[in-house]
Amino acid sequence: MSEPVTASAPRTTRADALRFYGLWIAGATLLLVLPLVFSSGGSLTTFSLIGISIIFALSYNILLGQTGLLSFGHAVYYGIGGFLAIHGMNAIAGHEWPIPLPFVPLIGGLAGLIFSIILGWVSTERAGTVFAMISLGVGELVASSALILRSFFGGEAGVTANRTDLPAFFGLTFGPQIQIYYLIAAWVLISTIAMYALTRTPLGRVCNAVRDNPERVQFIGYNPHVVRYLAFCFAGFFAGIAGALAAINFEIANSAYLGLVQSGVVLFATFIGGVAYFFGPILGAIFVTYLQLGLTDLTAVWQLYFGIIFIGMVMFAPGGLAGLIMMHRPLARGGTLHMLLPAYLIAAVPTLALAGGVILVIETVSRYIVHADASTMVNLFGIPFDTSQPVTWVIALVLTVGGFFVARMTWRGIAAAWDRAATAARDKGHLA
Amino acid sequence: MRKLVLAAALTLPMLAAPALAQDTLKIGYIDPLSGGGASVGEIGLKTFQLLADEVNAKGGIQGQKLEIVPLDNKTNPQESLIQLQKAIDSGIRYVTQGNGSAVAAALSDAVAKHNSRNPGKEVLFFNYAAVDPILTNEKCNYWHFRWDANSDIKMQALTSYMKDKKDIKKVYLINQDYSFGQSVRTQARKMLGEKRSDVEIVGDELHPLLKITDFAPYIAKIKASGADTVITGNWGQDFALLLKAAADAGLKVNWFTYYAGGTGGPTAIKQTGLDHQVFQVSEGVANGGAPGAIEVEKVLRAKYDISNFYPRAFNQIRMLVAAADKAKSTDPVKVAAALEGLEFDVLNGGKGFMRKDDHQFFQPIYISSFGSLADKSMFDDEHTGWGWKVEAKVDTPDTMVDTTCKMKRP
Amino acid sequence: MLELIVISTLNGVLFGMLLFLLSSGLTIIFSMLGVLNFAHASFYMLGAFFGFQLTRWIGFWPALIIAPLLVGAIGMAVERYGLRNTHKHGHVAELLLTFGLAYIIEEIVQLIWGKGPMDYRVPAILDFPAFTIFSTNYPAYKMFMLLISVAIFIGLLVVLKRTRVGLIVQAALTHPHMVGHLGHNVGQVFMLVFGVGTALAAIAGVIAGPALVTQSDMAMLLGPILFVVVVVGGLGSLSGAFIASLLIGLVQTFAVSMNGSLASLFGPLDPSIGPSLLTDVWNVTIAQIAPIIPYLLLVLILIVRPMGLMGTRET
Amino acid sequence: MSAAIEIDAVNKSFGNAKIIRDLNLRVEQGERHAIIGPNGAGKSTTFNLISGYITPTSGEVRLNGEVISGLSPFEINRRGLSRSFQVTNVFGRMSVWENVRCAVLWATGHRYAFWKNVDSLPEVRERTAAILEDINLAARREVPASLLTYAEQRALEIGITIAGGANVILLDEPTAGMSRAETERAVELIRRLSEGRTLVIVEHDMSVVFGLADRISVLVYGQIIASGTPEEIRGNPKVKEAYLGEEAH
């Protein structure tokens, strides 16, 4: 690993190497100090969940971003990892084996790997829509079977374990959340480095080739089926680790781990983060986990916002958050980023108005219909609105419609400013 | 990675709870408030909020104001644990939940672990509707209290009633394929065998949970079996669709159910036209005539346009107040001790008590049937014009079942 | 026993025909636009809810016409303003768009109609038993459903064989790359096809609504089965979709009426064997696994014949 | 020594349409062999048959004496045959450097390795760099393939084809759509790169064909009607009638 994330040619300079290792060290330091800065129990729970989600999303991106395989059933391997980890913990505690908790995620990883090895060969025979449908079918099959094979999956209730029953590890009992956080953080770091390293291997590179053009890959000596299969196995392995960490965190595994909803969430997270860059899914995992935890407290229709954000991303920013950020890189290098600023600021006003209008419409309708009897007050950005008043409806509609038309004009302004900035950057030799 | 800092900065204000004011006692209500189960969860929430108002109007619990904190678990055990963590992090010491035995099992387990790892910060879990017997048997724990009759108790009451119904000859069992449905089926076989060995069980069906859109094939099977009575623990759409299909096929049998009264159930029964042929076993209905129940029913209908689905929620909160008064404290450890064995006059009339051995509440159980109402003053359901009529009361002693619980006390 | 077979066959065919109403639209859309519409079952759900609401306002019969038209219009708008703009980002983006759309439609339906089941009733004129077989009634409404689906099936055949658009669709089924040569009105044809496909799903929704449950999770329940149908039948094959629809309709209906398990076949296991995976598998009945049979079928078919029963294309 | 490629009585039908009829062709080791013929004669199909993209309905294809018909494209590639495509067929989202490097990996024995850092494989790096020099794309190494100009993409197509070091190269219309100047450069490139290897080329541009080929085969309606040196082909009346004559009209 001698290069920053996206560069491709082996022109490694000292500065590049420094920056590259600096990034990893900064990441590790961040994981280390986070709980010191935000020490409340709530933040620790949040960070732990984000960590699990990061590994899971990165493992999913081995399929979607690296190899071009759209899976609707990735949670199968996550869930299997979780279940095996729980059974493993119970077995270790029951037999008093000298295996401490930090090694349990490996059990989950191996379980995910073994299941991928079994199910993967059939699944990966074809890419594209067929793969997507098989993954959906296999996902439903395994999730439904989990409810039939009760002795292993524990039916609806799932299987529980007690992580503190395992032998202590250097005096750590892993009862308190802070210890679990550091356990997860360590695995996040290990898995992230490993998955990044994977992208820098011959297999990782050929995965990209298979994604771009599976047909041509056959004419440079590779069997695309084997490439997809190997990628699938790696994805299963890391998903299993993520599942095991979830099992350790919650001390329970149940059939919801394996289901379509879980598969959908990881797809959302990965795609919203951006599949084209290695760090995209990390952003997505943070963003989506945060939304999942946070939006629930704010609104009953959080899933609708979720869907709208997702569709908005698919239609207008298919590169995801990472794509949006990386778009600006050539301009930043060319030193012309500031040229965009006025256009962004101008556009921000009507765009925010539009967003506010949409939120107000949704909340108003939701209060009006779902919670007709409850409070009719909606608090938006600190401004109270009474949904039973026609004036609120009018404001909501004006904001939405007016915001849309004005915003569309200002977006054109951004496009124009972008062209100018890009031209200027190109003149300085920073754009291809 | 920079994004992480940003996200964390945003997380902080949201999850870092404000210091809990000493003058309120918060109960975390962990149930679905979005997604498929939300309609049920909202009804429970309203019931509990009504109860909080009632308690506060009388001066609160030991001088503390009672507040219900809604926490959306999306009917998912994993999500429930996140919400539990959130509640604990914000200083909440009492949680209540009812929808889904799987969720209850996860919560019960998590609460027990939390309490053993964090002495001095104990949390109590009040279960108002999750009826899997396992929670007060193999998986019982000291911090879990259940106010709803578990499914074994209900089956005990139901079979006690069926014992004297000589026209029941052939029984068909149809249940959802998960722990609750299985316990209904097992207990039905066992208890019917004990009390009515002459009754033939002509069918025993488990169908997938909430996945069947057309029950016509199942009805065809019931019909083919010649059954005169069906026992089902089905709830939600699995109940409504089952009845719909039965009506379509013209199946005329008696239905003994656990949850015919759930949302959509009355509508479905009315559609099928099965007048007083659908029975429900529960801890009581307002039409039973207990003054307290009627009063509550009126308030709920006037305020929220819902019927009282959860008489046990009233028993639960009122008993919490009684226990706190007895202990002269709202400290969960003391309240738990005070609750053990506590006797109480239940909402629908009669005496109930919290059994010390397994923390299961025992109370009179009623068999009621749904159909046209003789008396105009009685309550109808879901605006169908039909309502519940009490057929029989099974008194507390006749509902007792043994427990395998070996309670570990702190 | 015989009555069980007769009733199950009727129910199976009915369920199969409903599936075909959906899978035919899905197949045609896939052939023309190259995108598997993940939200197809959501349009079916919209049909049911629109049907329910319009039945309340103006009665069932007008609703049967208007609801599909409305849903078709929404479908056309989705094609025009959603899919067409996403096309440049590739098929994965299009698939994801419909995936997100399915999600949003479910949420909006929940927002408007709530999460409980609707009281969507069979029209009074059809609310009687059509015939009684061995003392079991078969409802007239179900016969009506069967009739409608068969009528639409025939109508679809006529349109495909006799009209210009039908010929284009047929050409697209066999030669997908030909679609590019349609000339300037290709956009309109796409929009029309998407509109008709979603309207077909909506018809299924309107007529299935009263017979099955009209609830906000109905799309999630049916959606995955639908994909099984089109993949098992062969992506892009109408006749395959037809056969697979009936097959899955019948298999699922018959499976629930079978109580057989390994235990009943070979006798119960030695009770000394405690609960284990083996006892789980040994004791499970065919009826219990009925809902996962389609997925088993899917996986088996894809192993044995990756292009599906009648498919000619491999992807 | 056996011939580089031998096509022996191969037939290929799609449904009822017989595209290739009793095709026989022999390409000697080290020769530059061009296949010409009118549109729809089956030239690309012939390439597809040799490279394993499609399998013959009947007959046999041999590479260096070994039967390869029925093998997968990657198996044939591993036996030392590589081909280019008429329509540019590169890895669009990957950089030029990555495109070529991927094509180098199998031949340098790294295959599906997931335990090696691809950037610290000197022989891969050197070979990739050398090929980029050869195809004059060294300066464009960082550019995503989809952003290259048409001529650059054609050059990259050739680069990928030869990167694996195959000794039999099939080029499908390598100069199609190029300007005169670009074509000349391409021919120069092909001449240089095919040094010491066997080359089979399908080409429409007769100046390219006659300038490059040692031997020429003429394919008409799925059959070889003539095979020989450029002079022989030029003088062959059958060819004139069936093919060259046609062009004169």
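By letter and in written order, the chains are A, B, C and D; residue numbering begins at 1 in each of them.
In this section, a residue touches a chain if its C-beta (ideal position, glycine included) is under 8 Å from a C-beta of that chain, and two chains touch if they have at least 3 such contacts.
Bear in mind that the values here come from a model prediction, so they are computed numbers and not experimental data.
What's the minimum number of touch steps needed to get from subunit B to subunit C?
So the least number of steps between the two chains is 1.
So which chains are sitting against subunit A and subunit C at once?
The common neighbours are B.
Let me spell it out: compute each chain's centre from its C-alpha atoms, then which one is farthest from subunit C's centre?
The most distant chain relative to subunit C turns out to be D.
Roughly how far is subunit A from subunit D, going centre to centre by Cα mean, in whole Å?
So the centroids are 43 Å from each other.
Take the average of all CA coordinates in subunit A, do the same for subunit B, and state the distance between these two points in whole angstrom.
Roughly 37 Å separates the two chain centres.
Need the CA-centroid distance for the pair subunit C / subunit D, whole Å please.
47
List the centre-to-centre spacing of subunit B and subunit D in whole Å, with centres computed as mean CA coordinates.
Roughly 74 Å separates the two chain centres.
Provide the list of subunit A residues touching at least two other chains, using ranges where the numbers run on.
Expected reply: 144, 148, 301, 303.
Can you tell me which residues of subunit B touch two or more of the remaining chains?
In subunit B, 35, 38, 177, 208 touch at least two other chains.
Check each residue of subunit C and list the ones that touch at least two other chains.
110, 114, 288, 291
Who touches whom among the chains?
Taking the chains two at a time, the touching pairs are A-B, A-C, A-D, B-C.
Tell me, which parts of subunit A touch subunit B in their complex?
Of all residues in subunit A, those touching subunit B are 23, 26-27, 30, 34, 37-38, 40-43, 45-47, 49-50, 144, 147-148, 155-158, 160, 162, 164, 175-177, 246, 250-252, 254, 256-257, 279, 282-283, 286-287, 290, 293-294, 296-297, 300-303, 321, 373.
For subunit B, which residues count as touching subunit C in their complex?
Interface residues on subunit B, with respect to subunit C: 35-39, 177, 205-208, 210-214, 216-218, 220-221, 223-224, 237, 240-241, 244, 248-251, 263-264, 267, 271.
What part of subunit C is in contact with subunit A in the complex they form?
That would be residues 36, 82, 85-86, 89, 91-93, 95-97, 99-101, 103-104, 107-108, 110-112, 114, 224, 227-228, 231, 235, 275-277, 279-281, 284, 288-289, 291-292, 295-296, 298-299, 302-303, 306, 314-315 of subunit C.
Mind listing the subunit D positions that touch subunit A in their complex?
On the subunit D side, the touching residues are 51-52, 72-74, 77-78, 82-83, 85, 89-95, 97-99, 101-103, 105-107, 110-121, 125, 141-144, 147, 160-161, 163-164.
Taking the touch rule as given, give the residues of subunit A at its contact with subunit D in the complex, in rising order.
1-3, 7-10, 12, 197-198, 200-206, 208-209, 211-213, 215-223, 226-227, 230, 234, 276, 432
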